[in-house]
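Going in written order, the chains are labelled A, B, C and D, and every chain counts its residues from 1.
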Amino acid sequence: MSSKTKVRVAIIGSTGYGGVELIRLLSSHPQAEVTSVISSSSAGAPIAEGFPHLYEIRTELLDDIDPLAIKAKADVVFTATPAGVAAKLAPQLLAAGLKVIDLSGDYRLTAADYEQWYRKQSPEQEYLDQAVFGLSEVYGDKVLGAELISNPGCYPTATLLGLVPAVKEGWIDPNSIIIDAKSGISGAGRGASLGTHYSELNENFKAYKVNQHQHTPEIEKVLTDAAGEQVTATFTTHLVPMTRGILSTMYAKVTGEHSTADFIQLYRNYYEGRRFVRIRPEGSYPATKEVWGSNYCDIGFHVDPRTGRVTIVSVIDNLVKGAAGQAIQNLNLMMGWDETLGLQFVPAYP
Amino acid sequence: MSSKTKVRVAIIGSTGYGGVELIRLLSSHPQAEVTSVISSSSAGAPIAEGFPHLYEIRTELLDDIDPLAIKAKADVVFTATPAGVAAKLAPQLLAAGLKVIDLSGDYRLTAADYEQWYRKQSPEQEYLDQAVFGLSEVYGDKVLGAELISNPGCYPTATLLGLVPAVKEGWIDPNSIIIDAKSGISGAGRGASLGTHYSELNENFKAYKVNQHQHTPEIEKVLTDAAGEQVTATFTTHLVPMTRGILSTMYAKVTGEHSTADFIQLYRNYYEGRRFVRIRPEGSYPATKEVWGSNYCDIGFHVDPRTGRVTIVSVIDNLVKGAAGQAIQNLNLMMGWDETLGLQFVPAYP
Amino acid sequence: MSSKTKVRVAIIGSTGYGGVELIRLLSSHPQAEVTSVISSSSAGAPIAEGFPHLYEIRTELLDDIDPLAIKAKADVVFTATPAGVAAKLAPQLLAAGLKVIDLSGDYRLTAADYEQWYRKQSPEQEYLDQAVFGLSEVYGDKVLGAELISNPGCYPTATLLGLVPAVKEGWIDPNSIIIDAKSGISGAGRGASLGTHYSELNENFKAYKVNQHQHTPEIEKVLTDAAGEQVTATFTTHLVPMTRGILSTMYAKVTGEHSTADFIQLYRNYYEGRRFVRIRPEGSYPATKEVWGSNYCDIGFHVDPRTGRVTIVSVIDNLVKGAAGQAIQNLNLMMGWDETLGLQFVPAYP
Amino acid sequence: MSSKTKVRVAIIGSTGYGGVELIRLLSSHPQAEVTSVISSSSAGAPIAEGFPHLYEIRTELLDDIDPLAIKAKADVVFTATPAGVAAKLAPQLLAAGLKVIDLSGDYRLTAADYEQWYRKQSPEQEYLDQAVFGLSEVYGDKVLGAELISNPGCYPTATLLGLVPAVKEGWIDPNSIIIDAKSGISGAGRGASLGTHYSELNENFKAYKVNQHQHTPEIEKVLTDAAGEQVTATFTTHLVPMTRGILSTMYAKVTGEHSTADFIQLYRNYYEGRRFVRIRPEGSYPATKEVWGSNYCDIGFHVDPRTGRVTIVSVIDNLVKGAAGQAIQNLNLMMGWDETLGLQFVPAYP
């Protein structure tokens, strides 16, 4: 396919980590190309000024946000913007005839949940209804042909891929689920604060937003859908002194007699043909570095006969499978392409 | 008190991290002094050769292990040795008239549990019976006058200080307990292996020994004692890319109506007068760096009315409160001194 | 000495890293005690609010800056303030009868150099004349009885202790000196910016302020003093992804025939009796971690007969010997006490 | 080009960091494919056993070293082996009709220098004569059609790309050169030792092999070639607590009147058309993270009129441009392909 016939992509929020990761990943995509990088705060400046790693690679200036101008340059827009921005922008972009893949949390919840957990005004109901939740390996079939895709959060992606098959199959008690999640610092974005200060985080480990993280309702919504009954989960998040990676350790009561090997087989069946989920063999638990820079989600299992509980360990790169990579996977699915197109990176190890 | 009347201390295993941390902490102890540093593998070499940070501070040579020679130089021996060594040494040291504080796991379990989880031959029953488990804030009253003290493991210290008051009071269902623990790498000791290799661990986070860590029976033994019934717990350990620090996140079903504030009050009462446990106010959760280099254990709480569970977050410096510091605290208690003697370090921040 | 007769110390800038490190180190000083912690930006708040590691250790509220009120509580003031603040404060504090030890750069340079390199208005000449430059092992004899002490910068401390003896003795060509210095991130202070953002600095190493660091004239001034002729040096600074520590690698042309062993002997003679400078034996080069948390400066040497140059490697903890520790050492010298009082910490390793 | 006509590549040393990086980079090469992964120590085991990040990506077993068997599967062999191994293997591989690209230091020096600095027996002179030193941007024209390529060391690559143009042009005094180089820990390989132990290296910075690094003669050989006279350089290496990246800071006396802008122009001219060297504009100095995971070498400059010296800062990813990436670049040049084939990765940031 020649460059002229590639799908043209614009990125709003090109000066955040999600935005530059989209640029990195799309640089080798065979059927899509980035034709506009957009930042309202830095419009007019060369993108490489704030990101010298792009020096001589991306030489264009940052565009401002203007739906009609974007439409002239692009077919699809990724919005990698702070909470509340896409809620206002997406209707305009859709009206201009663009397809939208939103990486923020704006379209993931019901209006009430959104306002409670994000403390922002919710998008209009019409657009909430229209948005497809792009957890690729679970809802991928709904993504084909969608106009507005809501890309899942990083914690929900790691967590839900580790829980959905067992909940759907009824192998675990959905109201016994405890999720202990850990994330690298890049999940907090590029904004400078005491909360992202090197000397405060290095050689340090801490819990934050205990029982109050805004990804809680997103996780519970999908678990409820999988269980066919209302699910409430315990969800605690922690910060790890590293840049990339999420590891989610999940605990639940096993219903019935299911061994570790049974769980492994159940998940292998569920994810059959989905290249980006790798189910580890018995005794092997994934580490975040083993998916670093790639779109993989690796999952390991252990059923403890002493307690009757299963421990599930799931890892992703929060900026790839947890953000930009899954967004591109959704672009592929939306366009009817192979979902792995342009995403077959080997993890960078070590 | 003049140097001549100080209690004389020998350290076996002076070339490990526990051993050098004992040297660091005891250097400013007003009533104890290190008179012999011992290492069977490096006997005859200056201790500063392997630890240049001690250059010009400790100039003596490492002694070999010889109970009678130790007795000539010391009153108390700390054994900071690999699993199985103290099981053989302690009887000889006791026979020579020395008091022993063992930092390894050799005297913490029943014979059967020890052989199952450590895969070593257990110490003789006589000495298992004699050993006092030195979790200072829980069993401190039994330490006074003891001859053989078994210093708790790092994970059990952080975990049990966070659980014992609630279990004792019956505020949580002891068989609902899930412990998700995270440790810095120094907990693995100074031995070189792929498991302690910088490039493998840096920018990485992983689970290990899922449901199979050898500290499990030590934790369950104390919880069983506190609950007055047999307790089984889910316990998973993780490695954090940092050198020092343990954070234990604990989850349990709350029995009855107890708020976050209630838990805080319960723990403040339980630990009243014990300086090294700091109960955080509501909304504050401790980070490992906030106790770095010190003997503190900080604990925070959150009861989630949505799930009926309490989340307890506890942190220590694994080499201090989780090893050398608590060992000195036990020396203080054993001798009838103030337990804070020589241990009133302010955490090194940042 | 009872608490009542201790020297009373106030710290202005208690919410920065220099300030809290003073609090940590002074907590065990036998003849000084902190009686007022001061912060204009957070006056009225408990100091432990911004620094939870001090919880239950320091329970007082932060005072505002008021020279007379300070005088009522203290005898000596440490100013650990941003550039330009002490230039205004010190005259008022001196006028109130307080002794001042300034940790900022305000009193280290000539008026002209200060304005060129710091881009602030210089302090009045009278006070520049009065200030004693407290590089303890070089100018310590001038510190006794001083009223205003200018504590050296972190880079100059590591660098000058490594260069002064050889320059004084004429063993190296002073105009051939190249200083390649590396610092942990805490040297940049606690302010939040992209320059202190974890994800930008972790797994990263970079040069900054090449040939333009404001510590250049401070270094050249002392080298000029030691050489007895005008010295110009090349000085480049780098950021290391760690919190604490400075390592300075220095290169110079050796004049005459001096071996590595000769250099070691020269420095041992020069620093005889000064406990905080440790000259390493031949073949041993210091690492920053080997002085972590302590007031030591360790120095190693290698003369290369192939090139006729000497390589000198010097390390300090930037927050201790490079700031708070040396400031206390200057307090000791100023008061006529043993310079090691309250500073005999063993480095925390690992 | 279909897979059948791709050049077939074997990798000896597939269980080291250089080997797995070759696998990662070659996975997207359009004209080469890895057909045999070889490890004498782990032959018969699945490669993903020791490197779980390759799980389901590379499913084959490791082959043993057997030149004829390799020849049946491959056209070109990369030897990413410890010092001394390729010296013995390369003649056999060449005799079997294979082309060899050696990533070790075995073929980089004269026989006498090799034996002095590597303390191993040198390869036979015939093969030393035959080997082409593959510093791509300097000697690339000699690589076309070569049978045996010696891939440069990581430190020499970063250093020489920063020095050769100025030395060739006579703009700096070649005998005034001082090289202060810093490397991430992955440069030490995957072998476990105290020297690669996490707790020893984290939050630590140190110099090593001062004036004695085995890359010294490799650097001096190329500088001598560029200068047209014998060059001796001062070269010191340091370890940075990070996994990947080398930064080399270089100092030299400028001959004549050349500004920073002049240097920039000189280097832009020299490297014109060579995509992997990026010359930064005035005031911009590269950081290692800005080339992480990519084949770029970025270089910045500053001429200090105060001292008459130039400071040159150069960065690479030691495992890519310093090893596997440049080796593939040499494969491309050897085969007459565009040197950027399969190497156009955007650096992974942050």
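Miscellaneous remarks
Definition applied: contacts are C-beta pairs under 8 Å (C-beta built on N, C-alpha and C of every residue); 3 or more make two chains touch, one makes a residue touch a chain.
What you see is a predicted model, and the numbers here were worked out from it, not measured in a lab.
Looking for a copy of the A-B interface in C-D, A-D or B-D, one arrives at C-D, which has over half of the same contact pairs by residue number. Among the other chains, the CA centroid farthest from that of chain A is the one of C. If you average the CA atoms of chain B and of chain C, the two centres end up 36 Å from each other.
The geometric centre of chain C is 39 Å away from that of chain D, both derived from CA atoms.
Rounded to a whole number, the gap between the C-alpha centres of chain A and chain C is 46 angstrom. Looking at chain A, one finds that residues 17, 184, 186, 199-200, 202-203, 241-244, 286-287, 289, 292, 350 touch two or more other chains. For chain C in complex with chain D, the residues that touch the partner chain are 178, 180, 182, 184, 199-200, 202-208, 210-211, 232-234, 236, 238, 240-245, 247, 249, 251, 285-289, 292, 300, 302, 304, 306-307, 309, 311, 313, 350. Interface residues of chain D facing chain A in the complex, by the touch rule stated above, are 17, 20, 23-24, 27-28, 51-57, 186, 202-203, 243-244, 275, 278, 280, 284, 286-287, 289-294, 298, 344-350.
Across the complex, chain A meets chain C through its residues 17, 184-186, 188, 190, 192-194, 196-203, 241-243.
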